[in-house]
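You will see subunit A twice below: alongside subunit B first, and alongside subunit C after that.
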Partner chain A sequence: MERPGRTILRLLGIAAFVFLVIAFICFMLIKLGAAPPVVLLGGPNPMPEERAQLIAEYGLNQPAVVQFIRYVVRTLAGEFGRSWQTGATVADDLLARLPATLELMVYALLLGALIGIPAGVAAAFSRGRAEERTARGAGLVGAAMPSFLLALLLLLVFFRWLDLSPAPSGRLSVVLTPPPTITGSYFIDAILMQDAAAARSALGQLILPVLTLALLIAAQLTLQVRTAILMQLDTAHFAYARAQGMSRDMLTGIAMRGAAPSIWAAFCGQCAALLGTTAVIEYVFAWGGVGQYGLEAMSRGDFAVMQAFILLSAALSLLVHLMHAGVRRVARLRIRRA
Partner chain B sequence: MTGRRIPALVLGLPRRSPAAAIGLLIVLGFVVAALARPLVWPFGPGAADASSELIGPSLRHPLGTDETGRDMLARVIDGARYAIAVPLAALVLGIALGTPFGLLAGLAGGLADRLLRRLAQAIGFIPPLLLALALVAAMGPSLRHVVLALGVLEAMFFARAMRDQVRAMHDSGFIEAAVAMGNRRRRLILVHLLPNTLAGIASEMPRRAAWALATLAVMGFAGIGTAAGASEWGAMVREGTNAMFTGQWWLALFPGLALLLLGFGLQLLAAGIADLTLRSPASRAGDLAGATR
Partner chain C sequence: MSVVAELRGVSVELGDDDRRVAALTRIDLQVAAGQILGVAGESGAGKSTLARTLLRLVQPQAGTVLLEGNDITAQPERRLRRLRGRMTMTFRNPLAVLNPRMTVRALLEEPLRLHARLTAPARRAAVEALAERLRLRAGELELRPAELDAGRAQLVGLGRAIATQPRLLVLDEPTCELDTVAAAEFLALLASLRDSADMAIVLIGHDITALQPVADRIAVLYLGEIVEEGPTADLLRDALHPYSQALLSAHLPADPTRRGRRIRLRGEAPTPDDRTPGCGFAPRCPIAENRCRSGAPTPNQIGTDRRVACLRVLEGSSRIPLTR
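Showing the complex of A and B:
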């Protein structure tokens, strides 16, 4: 018998441990820095009063242990400091940019799964034939494809040569005003506000970055789903089903059901690592999301932003991990009842 | 390895796994090109030439020239030195740092093993690409820091791979037999454990090298890491990006394609090795866990 109280306590303990480890890494980023922390946090030329304020805020004149404890407490309170590039607090900057990133990631994941899962299933079922080699080869090329190269190739073809796509200049044509925030997705918000021009522009801007990310996701999913299905094709119950002369569709269903946990795990794995790739794609398309913000902070040494960005990326994959575990748990309960 | 000699293994590769053979050929091709370029190609990667700026691909300059008239073929081949040396150094560092930890954790088991595993799991919540970028950004741009950051992340991977192998062997009976026969601990590790982990560790190397290569390229592209003007492929793509939209597409395209080709070679090699070593359906699970970005 499981005791829910103990499970929750254990989960909380693990969460606290994970948070401390990640906070420690973020804290160490400043200690690794070649410049004094005041410069890393306050920019190349902090004013004397800014300097004094930073030293007081972070306790920079105190021992490292005290600094770390202060950092943990501040982070738990949602204070991530100020970006010396934008001048705003990092928390505000991140919140303002998060919808752009989520919009990109959600559409890309949906499209990627829509391409990758059927391709992987088809590759597995055509074992040893040309279709399999094609799908697997495409998957390997996609796995080797540098994310920025795919983005640039698509831009070269569809923007520069065919002129079908708008310039990589963010989420909306510069002459339009963004729709009021309802869901955070420009495209959906524009539709809700019945703003046809904004909706068309938002969709146009979305297509290439979403396609880039989706193809990268699909390539990996194809390989992973193929492997998961192949393992099902070798099981005894599948051989029995085939021997009974079931139709191709029913056989696919049986293999899919068996492979579902692996496919779900592969999909969640893609979600968890996605922010890294998304950051690069945002950078190419000047998307203005948290990824581009974080990447630019890294290349300019804006340490407060860097720390918060790493924390955010870990929080996202922790959420995905919980989602993965939760669904698996529910599915297992259903199997036990059945 | 089933006691097969190395030459026989290499000569038999095209028949047993065409994918692995092609992959190996691509990787070796880049190594040979990087080594032979000064001997056979008339242009150097740093030789600016004011009379031939921004020329498109031609017979004289098959990949064109850049804005200071440098030959792009020479620069792309020069970039192979980074693309080969940096991942290789990261792998060496990662194996040297990671496998001892994995070995100790696997042997010790119990609390130490569980603690290390939890620690690795916690760090693993940060996407590896972003952690590598942040480490280099924090330490400051230099090739040594790039290798160090990549090596530390590879070490985490190899520690876990080693630990899993040792644990699996621990439970598999022949170690128990070796203990029962009165082998000393030292001999147990050196003769019975370590040699049997070699194949597993080696078979992961192409995929890990591909990861290091891709991460190195993103560092170059995002302007984190290698110094400006270096002929590292990611940095070359970054420098050529604007020119791509004004008509000089070859500046960014060819270094990017070189990245793709070498990465594809490594992926082919990894897939071929997986096909050769993971014949049994149950162990194909390794393939599932292996694909990372």
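Showing the complex of A and C:
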């Protein structure tokens, strides 16, 4: 019998190890950078007092091992240094931008799953017919589509030609003031504050970036869910259920239950890969989230931000992995108890 | 005798777009009420596909599938669903198909829920009656599949299949996972069902001798074609197709005074992938002639109710000479 406490400990151990590896890579980014660390961290022309402060803060005149340990300890304490672009601490910058990114990601995941999973199931059940070929073709096109290209195409059609969506200029029309932060989602906060104009504008701004991400997620989910369900359709117990004369809904339920682990894994895979795609979409729509912040830091050589962004991506992946493994364990324990 | 299920010129191809194989080719078959039709053949001969085609779980590419005289070849799934209580089937590995979370009682009740409009008490009574017919042991109704051995599980599978009093019952190698005693019990139960329930039963097995005790007629399947079909007694006494002869001679008689006169087939067991023109059995047939490799034989009626698909059978030269 497996003890859940030990499983959690093992997963946390793996997480700690992965964190150390990622932290090492981030650390080496500075050591192997094409400029002195002071320039990488403090910008092209740091003032003498800034220099001294950076050297003291990072222990830059100490041996590399000590520097690495200091880096790990500082990171664990939530200190990621300062962005020379914004002048603020990276931690503050990230916290300020995180709600915007989460808003995009959560809506996109929900919409993507809502489109992708039913499409995959329908494709599998219409095996060999035109419906399947259509769903599969659309899935392949979507899965092969570069994210920025899809975003630009949608902008071309809905903004430029049809004029149905607002300009890609952030989360809210520039003439409106953002609602006070309650959940961090402009749309929900505006509704909570009963600010109809802000809510309408926030929703309008959300539609295209969310749709872009959701379509990309849905395309891959369609393909993955289709495969998972097809494998169920070929099992003996499914053929048996069909021979029993079960209704289409009952059969769908049976196939879904059998494919649930694969579908859950596919969904988690989408969650883990999402931050990278979101960064590109944020850039296109000037969304001002974490992703855009990270991308701009990379193009300008703001190394403290780059380090933090890499760590954030890794943390997100680890979180998704823990979520995936955790749900699987719980499901397995429930099956065993039944 | 009324014909319950019939296949007319049925061909089935399996696989996806890139790779299609002919699983069944121009099958003609009838099975009547109160009759057990045995179907024998090697692995890959198309036995399971035949079972699934009879129930229209597989859509044939050509030919007609009839149930009680009604054409069900092109029926949409929705319409077929209502017929599924009248044509049922058991699967090779019962433990792989029974829902592990349900008790035997719930498993036997499920087909009644799906197909019979019964009140809850009537349904419970029907399950009890069914358990009695299956000769289930006391307390067995409350067990779950994991607590059953293959023999008992197959019995539950049979119970589910006959719960709705079907007209056609197809059993796909029901005894292949069972030990000898359980298999004999199962076949005895099947014979009693045939006599009491007036259904048409198709019993599929890879072993002619396992079919022999209960089957009224036997069809021999080779590479998706029926090479010989006829009454069990005739076929066992005097098999006419070379393949049936080989299949029968693979069994040593339980009689030490009869010396084993075995026909050994050369070559690999066939797969539908590497079909040659002409007779499908020709590459392994000990008495094949050149014409066998070019022209495919059509089934020839022999006597009143036998048919054999062999070019040499009309000349009476289809028997493999037993040298040694």
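The definition used in the following text is that the second predicted complex is superposed on the first by the 327 of 338 C-alpha atoms of A that agree within 3 Å, B and C clash if a C-alpha of one lies under 4 Å from a C-alpha of the other, contacts with A are read in each partner's own complex, and residues count from 1 in each chain.
To be clear about the criterion, a contact is a pair of C-beta atoms (placed from the backbone, for glycine too) under 8 Å apart; a residue touches a chain by one contact, two chains touch by 3 or more.
What you are looking at is a predicted structure, and each value in this text was computed from that prediction instead of being measured.
Participant: May I ask you to decide whether A:Arg248 touches subunit B, subunit C, both, or neither, giving the answer as first, second, both or neither?
Facilitator: second
Participant: Residues of subunit A touched: more by subunit B or subunit C?
Facilitator: Result: the larger residue contact count on subunit A belongs to B.
Participant: Counting only touches as set out at the top, which of subunit B and subunit C does A:Val18 meet: first, second, both, neither?
Facilitator: First partner only.
Participant: Could you look at A:Ala260 and tell me whether it touches subunit B, subunit C, both or neither (first, second, both, neither)?
Facilitator: In the superposition, A:Ala260 contacts neither subunit B nor subunit C.
Participant: Return first, second, both or neither, reflecting whether A:Ala96 touches subunit B, subunit C, both chains, or no partner chain.
Facilitator: neither
Participant: Which partner chains sit in contact with A:Leu275 here, subunit B, subunit C, both or neither? Use first/second/both/neither.
Facilitator: Touch partner of A:Leu275: subunit B, not subunit C.
Participant: Which parts of subunit A are in contact with subunit B and also with subunit C?
Facilitator: 235
Participant: Can you name the residues of subunit B that touch subunit A in the complex?
Facilitator: Against subunit A, the touching part of subunit B is residues 118-119, 121-123, 125-131, 133-135, 137-140, 210, 214, 217-218, 221-224, 234, 237, 241, 244-245, 249, 252-253, 256-257, 259-260, 263-264, 266-268, 271, 281-282, 284-285, 287-288, 291-293.
Participant: Subunit B touches which residues of subunit A in the complex?
Facilitator: Subunit A residues touching subunit B: 14, 17-18, 21-22, 25, 29-30, 32-34, 136, 140-141, 143-149, 152-153, 155-156, 159-160, 216, 220, 223-224, 227-228, 230-231, 234-235, 262, 265-266, 269, 272-277, 279-280, 283-284, 294-295, 298-299, 301, 303, 306, 309-310, 313-314, 317-318, 321.
Participant: Which residues of subunit A touch subunit C once you look at their complex with the stated criterion?
Facilitator: Residues 128, 235-237, 239-240, 242-248, 338.
Participant: Okay, in this complex, where on subunit C does subunit A touch?
Facilitator: Spelled out, the residues of subunit C in touch with subunit A are 16-17, 52, 55, 57, 77-78, 80-85, 88-89, 91-93, 96-99, 101, 110-111, 114-115, 160.
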